[in-house]
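Below, each structure is written out as structure tokens.
Look for chain A in each of the two complexes below; its partner is chain B in the first and chain C in the second.
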Partner chain A sequence: MRREPPQKLADYGPLVFPAGMLIVFFVVPFATMIAVSFFRRDPAGFYTPDFVFDNYARFLSLFFGKVLGFSLFLAIAVAICCVVLAVPFTYLLARTRRKTQVLWLVALLSVLSLSEVIIGFAWSTLFSRTAGITNLFVALGLMSEAVALNPSFGAVLTAMVYQALPYTVLVLYPALVRLDPTLTEAARTLGASPLRAFFTVVVPALRNTILATLIMVFIFALGSYLLPQILGRPQHWTLSVLITDQAIYQSNMPFAAAMAVFLVLVTLALVALTVYAGRKGEAA
Partner chain B sequence: MRDILKTNVSRRAILGAGVAGASMLAMPAVLRAQDKSLKIGVYGGYFKDSFDKNIFPEFTKATGIAVESVAEPTGEAWLVQLEQAARAGQAPADLSMMSQVAMLKGQATDLWAPLDPAKLSNYDNLIDHFVNKYPDGRVAGIGAVAWYITLVTNTNVYPEAPTSWEALWDPANADKLGLLALVSNSFLLEVTAKTFFGGTNALDTEEGQIKAFEKLAEVKPNVRLWYRDEAQFEQALKSGEIPMGQYYHDVTGLAAMDGHPVRSTFPKEGGIMDSGCWALSRASTKSEEAHLFVNYMCQPEIQAALSRKVGTAPTIKRELLDLTAEEFAAVSSEIEPIIPRYDLYTSKSDWLNQKWTEMIAG
Partner chain C sequence: MNTFLQRCYFALFGLFLAMPLIVVAGVSVNEKQTLAFPPQGFSLSWYGEIFANPEWRSALIASLTLAALSAALALIIALPLAWFLWRRHAPWANVFQLLGIAPFTLPPVITALGFLTFWATTGFYGQPATAVISHAIFFVTLPLVTLSLGFSSIDRSLVEAAATMGADDRTVFRTVVLPLIRPYLVSGYAFAFVLSLNEYIVAYMTVGFTLETLPIKIFNALRYGYTPTMASVTILFVVVAATIFGLVARFGDLPKLLGAMSSRE
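Right after this comes the complex of A and B.
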């Protein structure tokens, strides 16, 4: 197939549909949100169209700074855990028989069919004192008494990693399947142990894929608001939880919109920084 | 026969007549102009189902007024819809059951058409605080149903029922409580004021509110779960995972009847009483019918039926009701209730919300 730049206006035709969808389902709602974030909040009613910075000013406080910081930290932790678990797993999976691969992938896909609510409640039962896994440890003689493992940071992290892991594997899988096996064979021939070959050959070869996966999981985890609520203490609530509170329970749309815009901007900045750092590292 | 078919009426005319006829049929409002009807908004789900089954058919039988029930969302979304519709002269529902904060916000914009006590023969049955009035004395809303939030415990973990809200502060209950997560639905500031500072009047000033926040912050080490989702706490309470907390009196009673080891206690400082009001949109043209309905709902028999079948507390005086002591205890208590300071949630809602969030999450 020959590729050539579009010559006539009609050559841009195929772009109309995706561009239209993007405008209707992304640009317009996002622009509305930005507009609402500058509206004036009326505590006794709803909001009135205006252009004020009050909503952003309220956000700029130590309290919200901490919440934002925790949300970013949690998302980064989830992304790193997922990638650390998924890269070796997918690498080994890509080297198994086709039938085994299919079985694993189907199992992982089935996790995706679970809603966040079900995942949250399932983990809260598993981590409970009355019916949780610690009862199993007591029966095995590993612990003297059943304890509650939630609410805690560990519980939030576990459930979020559980939720994001299938995506991570599915994103990494194509790249790892296509990875040239002669690369590792060459390393082994030159005397590297399998572990050394994995870290010095496979991981660097997958650099860009891993970086892209990290960013994807990070953004996916940043939007989570149900799991921190079900499995965490209030200090583990993310910014998304507070946005929901403002939008649904306080009917303070302008402030909710301002927080959401801020979250999007910080996310974009972090992603840009990561990509920039990745490029620089590649050039060096 | 052929001659009849060969009349001079054109096909076009027949089609036209057909369309006209069909549109007549499609406009039942025109055909049934004499029929009386009323659109009533009630909270969707359990409330609407109970009203559709137990209340509305009886009302139609008694008065001949057809009721169209509308499921309204909880929270303030319905208020916003009513407000915007009223500006356009529309009423998605004539009467709606509204929460107290929504009532006050609607009053601020004159959304509620005043109700005339002279047209309500049962007006005097009502307990005073269930009549919402505009500052100038016009009646904005009439109490529809009331419910309590009380101190609940798991009977396996606590063989003895607690007697006071002070149990929430007891260091022995570390990491054992489930409390509502929002300042505007937990009403814990009022509980703190009533328990430690002599009454909800202590919240009149900002200093008083800050004092209540500081006292309330002391319960934090005892709280295992700040819940938004009721099912989450109910489940944990039944299993004993979180054996104490605040919860709805009616639902806890139902769970106990089903054999779960839970109990609801009215502390000596009183349960938290929350309620919904009937309010008429100013865009409604059904004022007569609405008055009839509100009056119907204020009858002792109907209030008793609501308590027995829906599990809500009556909004009219106890002595008028034929409820037995057990039936009354199942939905209410003689102990003077803690009535939330709804005024604060309109005048200072953002400040209170901010302080609250900083207190529990900080």
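Right after this comes the complex of A and C.
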């Protein structure tokens, strides 16, 4: 059967429901949010329609600059940690037996699907004084007494790496499975050690994939909103936390919407970069 | 030597992924209401608590209902769209595929805020149905991706053969296409179901003040102190996710679903 362009009006039939749903419940809400970002806040209700730039003007404060800077820094740190840990792992995983691969994929998917609430709770337990990992160090004689490790920057970073690591592996997985095995074989035949072959052949061959993955993990980490709240101090709050806080607790929806629009612009710019990197990778 | 290093790396990787869950599993069997590890005493009563305590039970029921309905709706949205994109040559229709993938690609807080402003503006804010629709749109990406993959793996000559024998589009769909994509339908539903079960921010921003799903309940409980039921619910969630993905792997081709081509191709 050839794919043919729709000829009769009825041929468009299957498209009606999905298109309608996506337009009404995604495009319209998105447009509403953009509109609201120009509205004025109404302390009694949600907002009053208007057309002001006040909400965007608030970005020009030192406080906002600090939050934005920290959010970007945190997301970059998470992305780098995840890619450094995941590239060798995924490379090795793609070369194991199929059964081993499936087992790991199930485990990774299970961790990936875990709610941020659950990840936050699990790590706060692991970092706690009474049930935490420091008790193990005490038992091993490495520490004299158990301490609480959160709230701290390290706790936020560790939990966010935990959250993003399965995602990183699954993003890298297709590219690494398709990687031509003869590449490394050739390097090995020419006398390179496995490590040397990995760094001089595999990593350069995957340069664009790695770059695209970095950006995707970066976007993923930008979306983290609960872990900084559960495991960090207020100075570790990210833009996502601030948006939730303004929308729900300060009931300032216009300002929250303006921040969200800003976050979309940052994300879209990065997605464009990913696509560009991907195109270049295919051409090469 | 090399395989030894590899084993070590895999083991450390696995340990990092499992460590928080091991501690939570230990905490969940404490006899008394204390946060202690290794556990003091052994008791499964905190697992019973999920079903016995009316608050946790209603949160569990709310979450399961939300996940079941929203995953079904996501599937109903994704199936005709994926079918149309496969059956017809209409490049402009790819816009809808992009729209289907966008909510999941953007940071979730944005999609959540979009829904919040939308439901608040239209006056439906807080109604349970809004959470079902919001989750269905948020997770429509998953069945859309698995189904697109499913359709692309169908041999078009099969469909052609059926059409030559006089089957119309509807018959072809029912007798040829549907059986071939069934595994992808199931896995798309499974992915959307598990993720909806665990989703917090969209649910919170749409029905957070009227309906408590399990993630919302855990977060609220976390703010007012500690109860071991949080630990037992966590383990329950991990087991449910692992079971569902295990089943998907058992009856489908998980590596292929996740983007790897099977070795024979």
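Here is the rule we go by: the second predicted complex is superposed on the first by the 236 of 284 C-alpha atoms of A that agree within 3 Å, B and C clash if a C-alpha of one lies under 4 Å from a C-alpha of the other, contacts with A are read in each partner's own complex, and residues count from 1 in each chain.
Operating definition for what follows: contacts are C-beta pairs under 8 Å (C-beta built on N, C-alpha and C of every residue); 3 or more make two chains touch, one makes a residue touch a chain.
Just so it is clear, the structure is predicted and the values come from calculations on it, not from any experiment.
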Contacts of A:Thr32 with chain B and chain C, given as first, second, both or neither: second
Which superposed partner A:Pro88 touches (first chain B, second chain C, both, neither): second
Partner chain(s) touched by A:Phe63 [first = chain B, second = chain C, both, neither]: first
Touch count on chain A, higher of chain B and chain C: C
Touching partner for A:Pro204 - first (chain B), second (chain C), both, neither: neither
Partner chain in contact with A:Asn252 - chain B first, chain C second, else both or neither: first
Partner chain(s) touched by A:Arg41 [first = chain B, second = chain C, both, neither]: first
Which superposed partner A:Ala131 touches (first chain B, second chain C, both, neither): both
Contacts of A:Pro181 with chain B and chain C, given as first, second, both or neither: neither
Partner chain in contact with A:Gln235 - chain B first, chain C second, else both or neither: first
Chain C-contacting residues of chain A that also contact chain B: 46, 121, 124, 128, 130-131, 230, 248
Of chain A, residues touching chain B in the complex: 41, 43-46, 58, 63, 67, 121, 124, 128-131, 148, 151, 229-230, 233-235, 237, 242, 245, 248-252
Parts of chain C lying in touch with chain A, wherever the complex brings them together: 2, 6, 9-10, 13-14, 16-17, 19-21, 23-24, 26-27, 34-37, 76-78, 80-81, 83-84, 86-90, 93, 96, 99-100, 102-103, 105-110, 112-118, 120-121, 133-134, 136-137, 140, 156-157, 159-160, 163, 172, 194-195, 197-201, 204-205, 208, 215-216, 218-219, 222, 230-231, 234, 237-238, 241-242, 245-246, 249, 254-255, 258-261, 263
Chain A residues within the chain C interface of the complex: 1-6, 11, 14-15, 17-19, 21-23, 25-30, 32-33, 36, 46, 85, 88-89, 92-94, 98, 101-102, 105-111, 113-126, 128, 130-133, 135, 162, 165-166, 170, 173-174, 177-178, 194, 219, 222-223, 225-226, 230, 240, 243-244, 247-248, 253, 256-257, 260, 263-264, 267, 271
Of chain B, residues touching chain A in the complex: 75-77, 80, 83, 104-105, 108-109, 181-182, 184-185, 224-226, 228-229, 232, 236, 239-241, 346-350, 353-354, 357-358, 360-362
